[in-house]
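Each of the next two complexes has subunit A plus one more chain, namely subunit B in the first and subunit C in the second.
Showing the complex of A and B:
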């Protein structure tokens, strides 16, 4: 106890200097907290992708369609448990700036394939299968536009046209789904493919991609090969991959986000490391006499080392924990306004744990040299120095 | 007045000469400011390069015609009949042979392998007719030759070549289900066209099952003002539910999302880091004043004023910050100016761009450094100016 007291007293002897150090440590950890969370949200897709889910896309590119007849043929392949198909609809609400993600799906099979991720009330399941213009809206999207079950919404589109020339589709919201895990993105809506296909002016009978569940992840490679071979040399060749690999490749298209984040966080830390390291060194040098006194009182060198090192770690913890807390508050407050640009940004305990480890490391790195210097100090020299 | 200036100069020189005594602490301030400037410039140069790539592609006197409501080429569809009608539209320039300068084009997404990550990425394949080059300016074949009509030959944008595998001259690549030979490389003044692959329109249409389907029509206008006339013509014909916009406006729209995002990340990050660096600068300057306590007090005692003590300390701080800023600009220039990168653009395809550092961006970097230096120096300078002479002389 007295140990901690001594550290604290030493640390706050120069209040201004210490607050400035805390401020710079705070900044570094706030930057770390925010960027690490953004990075996680961008890469969340590949982390939560189930290992037994495969995605079949057109071999030319995932923007090219596949014929709907493929669904039954894939279902017949051994090891395939369930297949569903998805068609990108895109669209916007009221203004083209309000871009939203809407997918035309086969209701029953979609809810089965994504059953482990999406939490859909059972009455909503029933009405979604039953009602032709029914739509299920993700929690985040519903909150953003203030939609409730029973609402009637019109979604405009700039890719597809209806047969009657209209560019927008009407939907009745029959349910709101939640993610079973916080990382699950719920900023999208799904509606019946049959309704979409029957009303669109072109592209009938085409789907965007298929998602299938295999009996076991061990069968993935073999099943993927079988599917691609089945459709080889047809007008629509396929490319089958795990959902994880696909998500990873998609994120990689934006560039190496992880590397950019690492470089920025690295730059912030090197900066703070130099500032705090130097200041701590200076502050210990100023205390040479006192350390001499402590030594002459019989403090063993190891204890002196721990005292100074503890001081540095305490400093890092004070600044760092506050920085991380601020980052969490910041994320919560801006989360809604960046929804269009980034997926759900989670506040994850992992980031906090890595942050804590960084704080300990930071404290040790900045405190080690001054602590060693203090430990090696000779009493005579220390007391002799003015 | 003159004596005041002399005092300031004398004190400033003295301060700067004593810098080596506080070497490590001063260096940490310089390095801190340097990193702030490097991070800021990295984002600004990225945004600048991206924007330049798209902006330079757009020409004011080329009209882009897309299906009404389409926001990118991929989402647009135009039929053969519509193309014929557009060719008769008013306001369109005629070529030497008397034919209107109209280029119907098909824009498809194909897979390429990104060199840096070896992952699949979307590349744009553009099928264009004989007028394709006539409606564009500044396109040069820098190696090889143009594709021959009716053949499965492609020409590849210069920027794509460096970022993607298998696109060297003479190589054969598989796009879709068919094999194509690279016969030429073209440059387009660094614009987004350099991120594209071009081939003969009818060949692309037949290989990708898109017979008689087009996505956009580009038309060279007599004058930029003729765009209004063209749009009125489109509006008057019920068969033409199409939008015409200038190519420049189209690409400006395409650029805005990504470059806004980069900017929205860059400045707040740099400002957050600047706060950290500012704390560092304050610390350095406070200790600089502290170590010079008796020195300053002595000078005050022999008649130097408070103002010179203030100004000279502020200058010291500013010098350190500007030094850091200049170092940051140099680092940025050496490390990433001209660096090539690619990202996903608004058309769902890769856009290759280079980081571009301009004097204007460098000036923003120095300004930020100076702000850090001045704010970080002002309080310590006040302390120096207000120091009680006697207490200073006896030491604290």
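Showing the complex of A and C:
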């Protein structure tokens, strides 16, 4: 016989009632687990963005192009170490619903700028630079479509048309890259800008955006100002910012995701908190006589308080841990099907830690009032003896 | 364990309750001495103050004035937490309706008070087994209260009351819910705890047959002892 056993026995004396409370808590934490993971996925770009990387986009919108001539001019600015450029390609594989992310890049400079994040085998690097239709595919994307090195794949595109009128673009997979950190997105592919630019029917000589590394994050502001001043009053004015700020601005287009998530999670928690809190109060009130007996046996008020609080926390942990576990399983099961929308939904330890803290908080909040009532109970009155 | 030769002593005890706006005086300057090893039956009509007397002796209630000494400790001055710890070490309660925890087995019910001690789990289990042996229910250690008769449940409650080896047992109508045969078994057990183990027992009862098992009977009426000493048969 231990305190834990006593708590467990008290908790499960009404199995149906306790099961329903556990299901309520399970639901709240399942919602929390899924939404918190989605929120982290949405904001993942900000978290992994390097401090010394700047992104230069068209001042009107990042969907508008920039001239490729800008690359050399930016490279010449003092403090800029490396510059690469990227074009959004998009496309789909076999079926329009199989949307995928493909980027046309300058191979050598792209691999330099993202060298700290992407793990690319050396032979793949060489092949990618050398082969005109070569493509490097991220590990997650390769796994998703079952692609391997040497495969010849055709990607269709509704935006970019080839000069011969075809919407199908052929690529030879020359390597699979991995992320050096787990949070690095590898659900995309890159291919040669030269191939893209020479083949496409329109937009020659235009790039989507530039990414550059500076000598030091301390120079970022100054370099960003210099770049934007350089192209001020031109046909293609620029807006330069840190990669993190750009990612944040991109996410902000969808609205305040964090606030929306917080409101949904908060609503679920408050509702379930009231249900569980009320049920726990009833449950403790039904045990008034037993609490009186415990007091008559010598259980001091503090122990009674801890006993009831312990039950509430145990209840929250049983429902909450299962809810988080279900959320993890759910994410694993749907991750592949939503990759186009959310490239990387993590099952991160910090979500679990926040979840555990919430369970403790949930247990304390729901258990505090019944525990205080039980603690203050006059033993004579509880036993119906006075 | 209590050590004072007079196990319990009430001096000038006054106690009243307020019902509605009317104060009801239960005791007015009551004196009582219960020697160590005594077995006292307290009888009297409803509302005479029998249960209040037990509550005061067990520290479940506090007097308006006067002193309550139990085992050399003046308990009317103790705080709630101190009283609880003192009760755990010195008092065993036995109730009319057994008050066992329905979700715990007999052994676990008996172990309950030992959770407050520093004994290890195995030691607690052994103590509980011993207490159940004393009341003759060792073989029912893993049975739940619902699987036992009223008499057996009351014996488990007695085992729970004696497992911490208190010197004073306070029994509130311990046979009030039992048939004659079971009641006699329980009373014989209480008598043996008093005679063989030296437990001081104060038992509230309405049943004259139960009172005959005690060494003496106190009759309470309107908060006063109307006949203080009566030798048992």
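Just so it is clear, the second predicted complex is superposed on the first by the 383 of 386 C-alpha atoms of A that agree within 3 Å, B and C clash if a C-alpha of one lies under 4 Å from a C-alpha of the other, contacts with A are read in each partner's own complex, and residues count from 1 in each chain.
Rule of thumb we're sticking to: a contact is a pair of C-beta atoms (placed from the backbone, for glycine too) under 8 Å apart; a residue touches a chain by one contact, two chains touch by 3 or more.
Computed from a predicted structure; not experimentally measured.
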Practice task
After lining both complexes up on subunit A, report clash or fit for subunit B versus subunit C.
Solution key: fit
Practice task
Report the partner of subunit A that touches more of its residues: subunit B or subunit C.
Solution key: B
Exercise for the section: Could you say whether A:279 touches subunit B, subunit C, both of them, or neither, answering first, second, both or neither? Expected result: first
Problem - Which of subunit B and subunit C A:225 touches, first, second, both or neither - result: neither
Practice task
Using the touch definition from the top, say if A:24 reaches subunit B (first), subunit C (second), both or neither.
Solution key: first
Practice task
For A:258, select first, second, both or neither according to whether it touches subunit B, subunit C, the two together, or no partner.
Solution key: neither
Handout entry: Partner chain in contact with A:181 - subunit B first, subunit C second, else both or neither
Key = neither
Exercise for the section: Look at A:10 in the shared chain and tell me whether it touches subunit B only, subunit C only, both, or neither; answer first, second, both or neither. Expected result: second
Practice task
Could you tell me if A:296 is touching subunit B, subunit C, both of them or neither one (first, second, both, neither)?
Solution key: second
Exercise for the section: For the combined overlay, can you note the least CA distance between subunit B and subunit C, rounded to whole Å? Expected result: 12
Handout entry: Doubly contacted residues of subunit A, that is, touched by subunit B and again by subunit C
Key = none
Problem - Partner subunit C, residues of subunit A touching it in the complex - result: 1-3, 5-6, 9-10, 12-13, 289-290, 293-303, 379-380, 383, 385-386
Completion exercise
Interface with subunit B, subunit A side, in the complex: residues 16-17, 20-21, 23-24, 27-28, 30-31, 35, 59-61, 63-64, 96, 158-159, 167, 202, 235, 237, 248-249, 252-256, 263-264, 267-268, 270-272, 274-275, 277-279, 281-282, 341
Practice task
Can you check the complex and tell me which residues of subunit C touch subunit A?
Solution key: 17, 51-52, 54-55, 58, 60-61, 80-81, 84-89, 91, 93, 95, 99, 101-104, 107-108, 111-116, 121, 124-125, 128, 160, 164, 172
Fill in the blank from the handout: Counting only contacts in the complex, subunit B reaches subunit A at residues 24-25, 27-29, 31-32, 35-36, 38-39, 42, 69-71, 74-75, 77, 108-111, 114, 116-117, 119-122, 175-177, 208-209, 261, 269, 272-273, 275-277, 279-280, 282-283, 286-287, 341-344, 348, 350
